[in-house]
Each structure stands twice: as structure tokens, then as C-alpha cells.
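Structures incoming, each one as C-alpha cells.
One chain, chain A, links the two complexes that follow: it is found with chain B in the first and with chain C in the second.
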Partner chain A sequence: MKLNSEMQTEKLMTPIAHALHGQDLLWDDINGMRQATRFATDEIELARKAVLGLADASALRKFGVKGANAAQWLQQQGLVIPEAANRWVVSAAGCLILRLGNTEFLIEDAAGTATESVCERLSLAFSAQPGLYLVPHVEAAFVLSGTAVAQLFSEVCSIDLTRVALGGKDVVMTQFAGVSVVLMHQDLEEESLFRLWCDSSYGPYMWDVIAGIAHEHSGGPVGIGRYFSAYK
Partner chain B sequence: MKLLTCPVNGTRPLSEFVFGGELRQPPAADCSDQVWAHYVHNRNGAPGLKQEWWYHAPSGTWFIAERNTLTDQVIRTYLKGQESQA
Partner chain C sequence: MSARLANNKGEWINRAASVKFSYEGREFSGFEGDSISSALWASGEQVLGRSFKYHRPRGILSLANHDVNVMLTDGMDTNMRGDVVAVAEGMALKAVNTDGGVKKDKSRFIDSISPLLPVGFYYKAFHTPKRFFPFWENIIRKAAGLGVVNFNYPRITKPKLHEHCDVLVIGAGATGLSAALEAGASGLRVIIADENAQAGGSLGFDWAGGQESSTLREQLLARLAQLPNVSLRLGAYAAGYYPDHLIPLVSKAGMVKVRARSVIMASGAFEQPPVFRNNDIPGVMLGSAAQRLMHRYSVLPFSNGVVFTANDYGYRVALDLLQAGVKVAALVDLRERAEESALPDQLLKRGVKIIPASCIYEVQANADKSGVKSVTIASYDSASNEAQLHDKITLACDGVAMCAGWVPTANLLYQAGTQMRYDYGVHQFVPQRLPAGMFAAGRVNGVYELNDKMADGVRAARLALRHLGQEVAEPATVALAATAQSHAYPIVPHPKGKNFVDFDEDIQVKDFINAAKEGFDNIELMKRFTTVGMGPSQGKHSNMNAIRILARVRGVPVEQIGTTTSRPFFHPTPIGHLAGRGFHPHRLTPLHDANLQLGAVMTDVGAWKRAAYYQVPGLNVAQTVLAEVEAVRKQAGIIDSSSFGKIEVHGNEAALFLERFFTGRYADQAVGESRYTLLLDEAGVVVDDGLAHRLDEKLFYLSSGTSNAAAVYREMQRWQQIWQLDIGLVNVTGAYAAINIAGPLARQILSGLMQGLDQLQPGSACLSEIAGVPVRLLRVAFVSDFTYELHIPTPQASFVWQRVMAAGQGLGLKPFGTDAQRLLRLEMGHAMPGIDTDGLTNPFEIGADHALALDKPDFIGKRSLQIIAKRPLKKALVAFALAPGYAGEIPLECNLVIRDGDIDGRVTSIAYSDTVKRVIGFAYVSPQQQALGTVFQIRTDSGALVAATVVDSHFLEAQ
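Then we have the complex of A and B:
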């Protein structure tokens, strides 16, 4: 029998790792997290992405805060926050700031190491005080794109999640294949993307469901570098 | 498909919601054991217009729905304390 120390994983693994066993993939470390960064040849991945591409964005750093003073504290840290609940903005440093309720926020760093880590800065600046509470975020995060995304949504969601219905800066909290998710649409690097976060324990299930439907449409998993050039 | 409107997230299928029971006013802290036992153990099962707690699971939002439990018609929904704005 192995000792506990030998059985422990040396590196942080992506929450979807259990859905990827047995596949011939290229693995790499992003922000200290081990994840698959290549699923097929360039030609195949580009074709998948055009129809229905799916990528694992769980390695992007996240920071969460909530409480009556959360909005004020984030503004004191130099961040511009969404004015209303269920809206999002991009900061000057390129990170996403999602307002998940009147008093709760999720911040996700921009891709790439060249940019400043806003989440790291916020973590260092945070100190417990009345009306300000840290919310640990370890969600499985996904990027979706392609001409068949609307068909995917219609198969697994009960509400209209097309780009038009979502609006420019809306954050939607709904159920996706029976799992509670946070979802938004973003135009990034001249691409029309959908971003999706769910509890990390549902990560492998969510990956399997989306990848399964994607394969039916001749799409499938692609490396995160297909969407974020910093990881190419 | 049955729909319910969350005051924060909008109209969603009922499967996204969890029923939280009737909104009831607890008796005073110094009430008798009999009054407290009645509050804890007994419910009013008569159909009619009731205020109920509902929970939107994906967003973690608790809110109140005024629902006619005879006809299953939801009159309005609102966050607690914001009844006048509904």
C-alpha cells in the first residue's frame, strides 16, 4: 500500500481531469494547474472550433468576495464594477468582473502571464472586516464557440441563451444539463464566445455532456490556446 | 412547462426552483408551550392565497411568491422587504 504522501497529486489538476482519462492528449501547466492543452491536430481543432468548440478554462485565476461592503471595497481597490446585479464588465487589466447579486462578485484574471494578476493583488489586499467576506472559487470553467452553440443550448437549457437574448453584458444563472451554472457571452480576440462556470465537482459530467453533443455536430474539445492567444 | 419568475433573475422553468414552505410569523419568544408547539408542528392546509418562500437554486436567491394554492396561480413574486416595490 502506498503512503499518503506518495498518493497525493503533486500539482493542481483541472476539475475536468476525470473526463479525460485514456485519451491521447498533450498536457501542460497553466497558472500552476495541470490541464490538457491540445486535443487534436491544428486542422481538426480549427474545424471543431468553427462548428462547436469546447475548451477548459478552469486554470484562469478567480477571486470572489461578498457582503454589504463588497462593492465599496472593490472600488477602493481601483476596479470598476457592474452597476447592477447579473451584469459584467472587463477591467482595464482585462479581467472579468461579474456581479452575481447585489452584494456578490466574481473576478477572473485575464489569460496570460504578461498581464497583472488582479486576483492575486486582491487576495493580498483582502482582510476580514464586517460586511466583507471572501468566497473561494474553484469552479470548472469552459469556453464555447461555433455555429452550433445555439443548438447545444436548446438541447440542454430551458431558456433562450442565444447571443441576442443574453444581451451585451448580461450574466445568466440557470441550469445547464441539470447543473447550476453561471453563463455569459463575450466578444474576445475577434471571436464570439460563451463562458460557463459550474461547481468543480460537476466538471467531468459537464465536459462529457458538452463534448458528446459537440461530437454529434462534428465539433469537440480544443486547446485553450484556440481562444486565448496567450496560451498558444 | 411550468414557469416561475425570480425577482432577480427573471422567468425560469419551475425545475430551477425549490419550495421553501409558507411564510409564517413566529409567535413571541415568551409564548406558551402550547402556542409554540402549534407553530412548530401544525400547518394550514386550506387552499387559498398564500405567501410562500421559494428558492432559485442556480443563483441562490430566496424570495416570496404570492400563490393561490387552489388554482396554482402565482400573483406576484418579490424579495423579502421589497413587497411594496413588487
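Then we have the complex of A and C:
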């Protein structure tokens, strides 16, 4: 089954849909996925983003493989992969390649690459073979930024997630507010961002927790275009 | 009368901001920065509370968060400690533990009958006659406890934060500040915490008549402010020690759980009171409390006082009192002479009478017992520890400052596993062996002289840095105090008692002696019998004196007595702080909103929110569920099953993995076939069941119930680590949604949406699609023989659900929830692990022999099953039905099966089935009761016995 590629249809719905409500919401399709792309006025969203902004990045295409031959196969597909587990790199095409374990990888397309999707290409190239297994990835994905991110982290996570502790290219698998998440820090488009993924079924809960704390710091949800100019 | 002093260097109060409040109905004012106690004391109010047991008037004792007799309520909060809680505008305060007010407390008569109420009296007095016990119990329960819980207290969310640092310094006195400066200079992350509102510790109040300490405090804090990597946390106490140096810092704002790579305990010491008659009268206070009043709050403790000391510290207190303008009527020293001769000389020069080798034999209270009138001083025989009354004198005074020594604030050190020893030079317990990464400095380490304390702080910091791998030379040791800082036995016996050791619980010297005589001569036993150290202060001012008394009674050294166990929390911590913000992780299916739009009432199934049923106007819950069941039986129903566990097993040895993991046979399973899976643990106990669908020669797709999915996947990973087979495991529970369409019209509804239905036989699976969405189509028979299960990528679930609902609109398709699902599967005769099994059930007991391939080489639990199989069955799960037309009380799940008056089993599932027209269910019975047609009795909640008959589990077929 070419699950990953076939999933990317116009019939997709963001996994955090249940948590999205409000009069100022603007809905749109990104990569075929229905999602909220604006939560407030420009002025409010920019202010939120500076303090503690939260955006839904679930629409970015994802592809996953695991198995003893996963690393070799990805390299055969022309990708440079992280040398060690729990590290990440960015490909020449701008997509993220996260090494979740010695033999497991998550690839996420760069924003705005609808016609040149690395994930699409990998999905088409994939064929079942020994030591190589497809892992469907439909996680809820978030972007976080702002001066109060450290305070958010200190409330929802028990491990040290300060910039120094996170390191440059570390992938951290931890728990946020009781839910398993994958976290990394990225400097992108001249901004310091944190990326977060969790199981899609926990997406609305995670959104509510983060947005709730963000509001206490005068932050809150913003459109994905605030972080990825391709979606402005 | 105002006892407020003129401006004082370093005072904590803001004289520009006046604060008005009331206490016991009278109006008072203080300053911003005042504690409740200091504001009242400044206004001449000395009775700040009543003692717990005898309701004696009490005033200031320590001003260090140990004044547990000064606990107040403002109507919202209760048991606020007046000695440390800041007074605030508009507060309307009352003392707790009074009946009719602090001045006219009706319970104060108890003090006069105290000889009738020795410790432990209630253990002995109320047992007989037995019929009176409820009467006494009622009285005792009303007397017990302090304060009244406010059940209307608002829920205030207090965040629980996590922080990390390289060095955590606990205590911001001279020692702690020196340690933080040294550690901070390395550039590492340092947190220094202190429970006080301002830093400096004793530098802020122990001045001995000078101001050098205050100046030093300012200098240290100025240096600290230059280090951006050092974070100073004030008003935050270290509440406990947990493994890996996890220490919660608790402040008014909430709790910060600090995980430190190393910890420096510079927590200082608690001052200890000497024990003499009436040492609790308001106006009798610890020397350090008098200093705190004068220097922090600029309040006179009294105007004409006596200092009773058993160490040199009392001389420093006397100098401070003189400097503040207090007349020191005398300094009474329990010892022959001071260790440091300069201190007595200074006092003598200022005309203070020093009375050596003497004690305060007793304090005389004024007429209304609200303060001190005079003290009786007598010689003290240090050999017999008795006062010699032949030369006693009485001095008029209005207050006493008492100094007997110190106890290290070593609570967290004990909790961390520090081995302590009793040092006879300093006369206190000091750390002997510290856990890795923990360091102690200053008074808690037995170091008292100011320069030594600062050097000890630096030493501890350097050791911490070395522990963290920094290249720092090994620091020189700092010697413990050369002179005794505490008295070995500051106890003055008195025939009339009221010489209090424990102010929390009003425990006197004689109580300990009596307890020891009764055999409670072990410190832990004595603690529980006398309740010493069990009050709100947890023995911070009483445990050491109790140990000294017990050592003396038993005639053994102090170290042989030992100490009681120190447990978190260091101070009482609000429940709201412990609870923090409520995180309640829950999972929603991608169809959650679609379910809500259909009127779903949600229920929790594990972490998932699932639809229990769909509300229908005019129908109650039972009718609604029966209508949903009827739709499945007669037309078609649709249920969101996305929470089901879904796991893929890939690889050449996927079938072999299943053969080992489950009890059945899978090696010969054809592609496209589905088979039952039963998982046991190694003891042969039923854990879970489900289905294995072979989608490819090297791909099994496993589906299982909601609750166990994560645990089953973890177990698979664990066994794979052991077996190391050529497989790959992928948990796709969240990646796929699942929708079941069940009922006689199910195929008709789906036939317009997808291909392959005609070829799909029960117990088989195939790949298909609906409008371009890939579907794993499974033919299952859990709730109906006509069930199709669609597994679709989660983001497209909503789309597919709408398509199916639209297709079923004209065919009576109804959504059904978990309530109907449970009844439907019951009608189908399917027992469910977790509902019809428990943590001991083996497959033989539920009649699952058919699922056991005991001739396989091995599977989890096989060896246990082989043993179990040789033993007689202990119980058997049977299907039963109540009599047709039964209209009585319907038994509930877990109601007991009764045979000959004894428990024979229990009901695991039961419900009325409109399809079968009977109440049906599953129950465990003894094996001899399992034959079809056997009648057994079920006892309902009301106690009625209801007859049930064992029937064939295929209820529908029977019907």
C-alpha cells in the first residue's frame, strides 16, 4: 500500500480540528489538509508570536521508515541522514530528517513544496523489502516560538529543555503534560522555533494545554504563515 | 502603646505603606513587610494564639516559621502562621483553636485540669465501659485538629514548574551566599533559595550590638547581583529531597521542582529553647526571635527583659537588646562561664548583671496571663541538673530571651540518606557521610563563627564544582566550632511542671519521664506515645530536647538514642501546590466532532473519549441503547472504533513472532484470512484478545480492544528484544481510524461505496478504497455476523464517515455507542478480557481451549498452562439467563453468585436484551455448576436472591 502518498488528498482534516474554535478563525487547505490558518488580527498574532506563539503544522507532509535497512535505503534515495540517533538534519530541499532511533526515521517536507515533495517521492519509491518497513505518520505537529517558551516547557516537561541543554541538532523524545512527544529546535527564516509532534489522537488535548498556558503569558495560536512564509 | 523602633538599617518594613487589618475584632495597623505577629506585637498585642491541648495563651516563640501556636484564619485561608505570613490590607484575622476568642477562650479551663490529662490519657481512659466510647469519641474528634477547612475555597491553579541547575544552594545566609558566589564564578547555573522574604540569614539580625553583619550582607548581595548565572529565589523553601537531587522549592506562587546536579545545604540551624516552668508565657521567646523582631521589623520584644542562656549566643542577643534600648535586668547563664570572655566584658561594662551557673526556675505571668511579670532565678547544679532553691531570687521583668543552643536544619540531609554523628564539641549532630553530589556547610555542618561559615560555604562550593568535573583544587577543610554552641542538657525540672518541651502539643518534661517509665523508651515509640514532634512544626524546636531527656532517663549517650525519621515536607504545603495545574491527557478519535454532532454522550475508555450512546429526544438512556441495538439487529448500525489497538508486524518472521506471542496458530494462515488472537502472560493469565489479519505474506495487521493496545505493543517490543526475530513492529493505532458497519443491511450500504464486498467472507480481510481513500476492509463478527470494519488513514476518517452515513441514510443506518456495543457482543456470546476476566483468569476458565495450540513448540504462558491443565478447574465462566418475563430487581455486574449461603462466583456481564427478550449475562460459578440448565442464585445489592439458569452462550441462536 502506498499509504503515505494516498493519504495526501483533499479529504484530509487537521487532527487538532476539535480544539479549534473562535469567531476570528480563517480556514484554508494546505497540502490538501483542512486547517485554521488565521486566529486573530495581524497585530494580535504578531504579539502572540513574540511571547508564546503556537501554530498547527500538521499539514506538512510526513514520511517514515524503520528497519535495519532504513538508513541505507534513505541514502540510496539521495538523502543525507543524521549520523546518530536522536539527531536531525535538513536536506538540500529543505525537508527535515529526524533520526528517531538507530533504525527509524521521520521525514517532513519543507513548507511550500507541494509540487516537489520529498515525502511524495520517497513514498513512490518505497517497496516492501527485508529490513525496511513503512511507518505511517499522521501526527499532530506544532510550531512554537517566543520569549515564554522556556516557561511553557518548564511547566509541561520535567527534563531540561533550555537551549543549551537541547543542543544544536538534538531530537528529544519526552513527555509533555503526560503525552509522548518529539521535540527539536530549529532556526528557520531568521527565527528561533521549536517543533513538536505528538500522536494525532492527543492533538486537540496538546493544543488546548499549550494554548491555555500561552494565553496566560499573553500568547496564543497564530496562523502557520507566521512561521512559514510559503503559507502567508 | 507602640513598640516600634526608629528606622533600622536593613529593616524589612516599608514605613511609607501603612497596612490596616483587624485581629479578633479589633482594628490594628502595621507596615508593608510586617508579619502578622510583628504588626500585632508592635501594637502591644502579645496573646497571639492559644496552645493546642491546654489552651494556654501564646505569643512569639521563633519568628522563623515555627510559631505553630500563632495560627490564624482570615475566613478564607486557615492555619496561617502569623510569624511569617505578611500582614495585608483589610485582613480580618482570628486565632484558630479558640472557643469564644483568643482572650476569652472558653477552653482555657483545660489548663487548670491539666494534671488529669497527661500524655496518652486518651489511650487508656475511654476504652471502658465500651458503650460510652462513642460519647468520648465525639468529644475527642471535636478537640482534634486545628482550624476549620473552608469547603468554599476557590480553586486556584498553581503551576508546578520544572527547573534544572548545576548547583542548588539551600539557604541564603552568609554560608549560602558565599557558596553561591564561589559556584557562580565558574559560570555554571546556580540557584540559591531561601524561605525568608529577604536574603542574608542571620546577617540580617544577629548583630551583637554592631552593624558589621548588615554591611557584609549588603556586600555579598551586591556581588551576587553581578552574576547573571545565579538565580536567587526568596520566599521559597526546599520542601523535601527526592532521588537524583530532585528538590521542590515551594513558594506562595506554587512549586518549582528543581533537579540539580549538586546540592549545597547551607540551611543553618534552628534555635532551641531551654526548658523551665512557664517558658511559654507570651513575652518569653527565643533570643533569635527577639533579634528578628528588632532588626527585621524594628519592634521592641519587651522593655525590661532577662536573657536566659546556655551558650554564648545569649550574650550577643543581650548586646542587641541593649542597642535597641531594652533594659536587660540580668543575663542568667546555665554554665559556669561564657566560652568567649569578650562578650561578658562588654555586658558588664554596660551594667548588665550576669548570673552564672544559674537558671530561670520559673516565670511568673501577669494577672491575665498575657505577659511576663517576673522570673525566679536559682542556682543550677549541672551534675544533678536540678535548680538549687536556697538562693533563689525574683526579678521583675516583662520578657525573657532564651538561648539554649541549636539543631541543624538537616531535614533534607536525612532524607537524602546522610549519615550523621553527634559531635560532643559542638553538641549537635553533624554530617558524617554525605551522598554523592550533596554538600553541607555552615551551622548545619557544625560551623558557627562568621568567617568560618563563609569559608565553609566556599569549601562546599569547590567540592560541588569538583563533583561536576570542574578543575578546582581540593579545598581545605574548615574546622567545626571549637566551643559548644548548644548545651548538653538545658532542662530545669519543676515539681509543678508546665516546663514545656514541645509547644505544639503542650508536652512537659514529666510526660517524657512517665512515657519512658511505661516502656516507651525508644525515640520512635516515645514520639508516638507522647506525640512529640508530631505537631505542625514537626519537632523543630522539641525533638532535640526530647532526645536529650530520653538519653538522660536511660543513661545512655545521645547518639544511642538516635533521631526520628525526617520526611517531606519541610513545612506544611498546600494541597493546591501539590496538585498544580490539572493535566488529564485524553485521546480523541478523528470522528469526535462527528459523534458530537450526532448527539453522542461521551465516556472514558482508557485514555480515549468514546461515544457511550447517542441521545434521542424522548428516550431515556436504556431505551436509547436498546434502540441502537435494534437498529444493528434489524437494519444497520455504525460505530466509531478508532480507539481499537492496531499494530503491524512486518517481516520474514512475522508469522513466527505471532506463533510465539499468541496462543493460536498463524504460520499456515492464508493471506486475506483473519484469525483470533489470545494473549496470555507467563503465568497463563488471559491478558488480551483480538484478531490477526494477514494482509501480505510478510505483514500481519493486528486489531485488539481499546484499553490494552499500548500495553500489548510494549509487551511485543519486550519480547522482540528477547527473541530478536527478523520483524518490524509498528504501532499504527493513531494512524488508522476504524469504523464498523454492522447489521443485515451493512453490505447493502457499503456496496455503493466500495468493491470486493461480495468476495469477502466472514473472517477475512482485504484492501479496498472508498472514493480514493485506501481502506483496510475486515469482516468481523464481534457485534453481529454481518459486520464490516473499515480501517482508514486517520486524517481521512471524517470524510469516509460522512460518505457511509450518507449511503445509509435511506436504509435506517444508526450510530451506536459503547453501551450498545457491549450488549451486542453479549448477545453474540463473546466474553471480553478485562470485563469477563480478571488478573487471575486462565483460558480454561473462560472456555477458550479452542484458542490454544498446545502442540506448538512454545508460546507465552504455555508452560504455565501445561501445569494448570493438570489441576482441577476452580471456576468456570458460564452464560446465563434470568427467567423469561423476570420483572424483579436486575442484578448488577460484580453481584455475587451464592450457593448454600456461600460465595460461589460473581456476575461479570449482565443486561436486558430486547432481542432475546431476557436478562442475559456471564458469571463465574464453580465448575460443578456449569452444566447447561443448572440454576444458581445471584444476590443483588438489596440482598435479594435471583435465580439464573446456565444457557448456551450463543444467545441469538438459542433465541
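Note that in this section the second predicted complex is superposed on the first by the 215 of 232 C-alpha atoms of A that agree within 3 Å, B and C clash if a C-alpha of one lies under 4 Å from a C-alpha of the other, contacts with A are read in each partner's own complex, and residues count from 1 in each chain.
Going forward, a contact is a pair of C-beta atoms (placed from the backbone, for glycine too) under 8 Å apart; a residue touches a chain by one contact, two chains touch by 3 or more.
In this text the structure is predicted, and so the values were computed from the model without any measurement.
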- prompt: In the superposed arrangement, which partner chain does A:Pro15 touch: chain B (first), chain C (second), both, or neither?
  reply: second
Field: Greater residue coverage of chain A in the superposed arrangement, chain B or chain C
entry: C
Query: A:Gly67 contacts which: chain B (first), chain C (second), both, neither?
result: second
Message: Per the contact definition in the header, classify A:Phe126: touching chain B only (first), chain C only (second), both, or neither.
response: neither
- request: With the two complexes superposed on chain A, say which partner A:Ser158 touches: chain B (first), chain C (second), both, or neither.
  value: both
Task: Have a look at where A:Asn86 lands relative to chain B and chain C in the superposition and call it first, second, both or neither.
output: first
Field: Common interface positions of chain A, toward chain B and toward chain C
entry: 158-159
Residue ranges of chain A touching chain B (in the complex, touch as defined): 85-86, 100-101, 158-159, 172-175, 180-182
- prompt: Given the complex with chain C, which residues does chain A contribute to the contact?
  reply: 1, 3, 6-7, 9, 11-15, 17-18, 33, 66-67, 128, 130-131, 133-139, 151, 154-160, 162, 165, 177-179, 199-205, 209
Message: Can you tell me which positions in chain B touch chain A when the two form their complex?
response: 1, 8-9, 11-13, 15-16, 56-61
Message: Quick check on the complex: what are the chain C residues that touch chain A?
response: 159-164, 256-257, 259, 581, 583-590, 592-593, 608, 642-643, 648, 650-652, 696, 698-699, 726, 728, 730, 732-736, 767, 771-774, 793-800
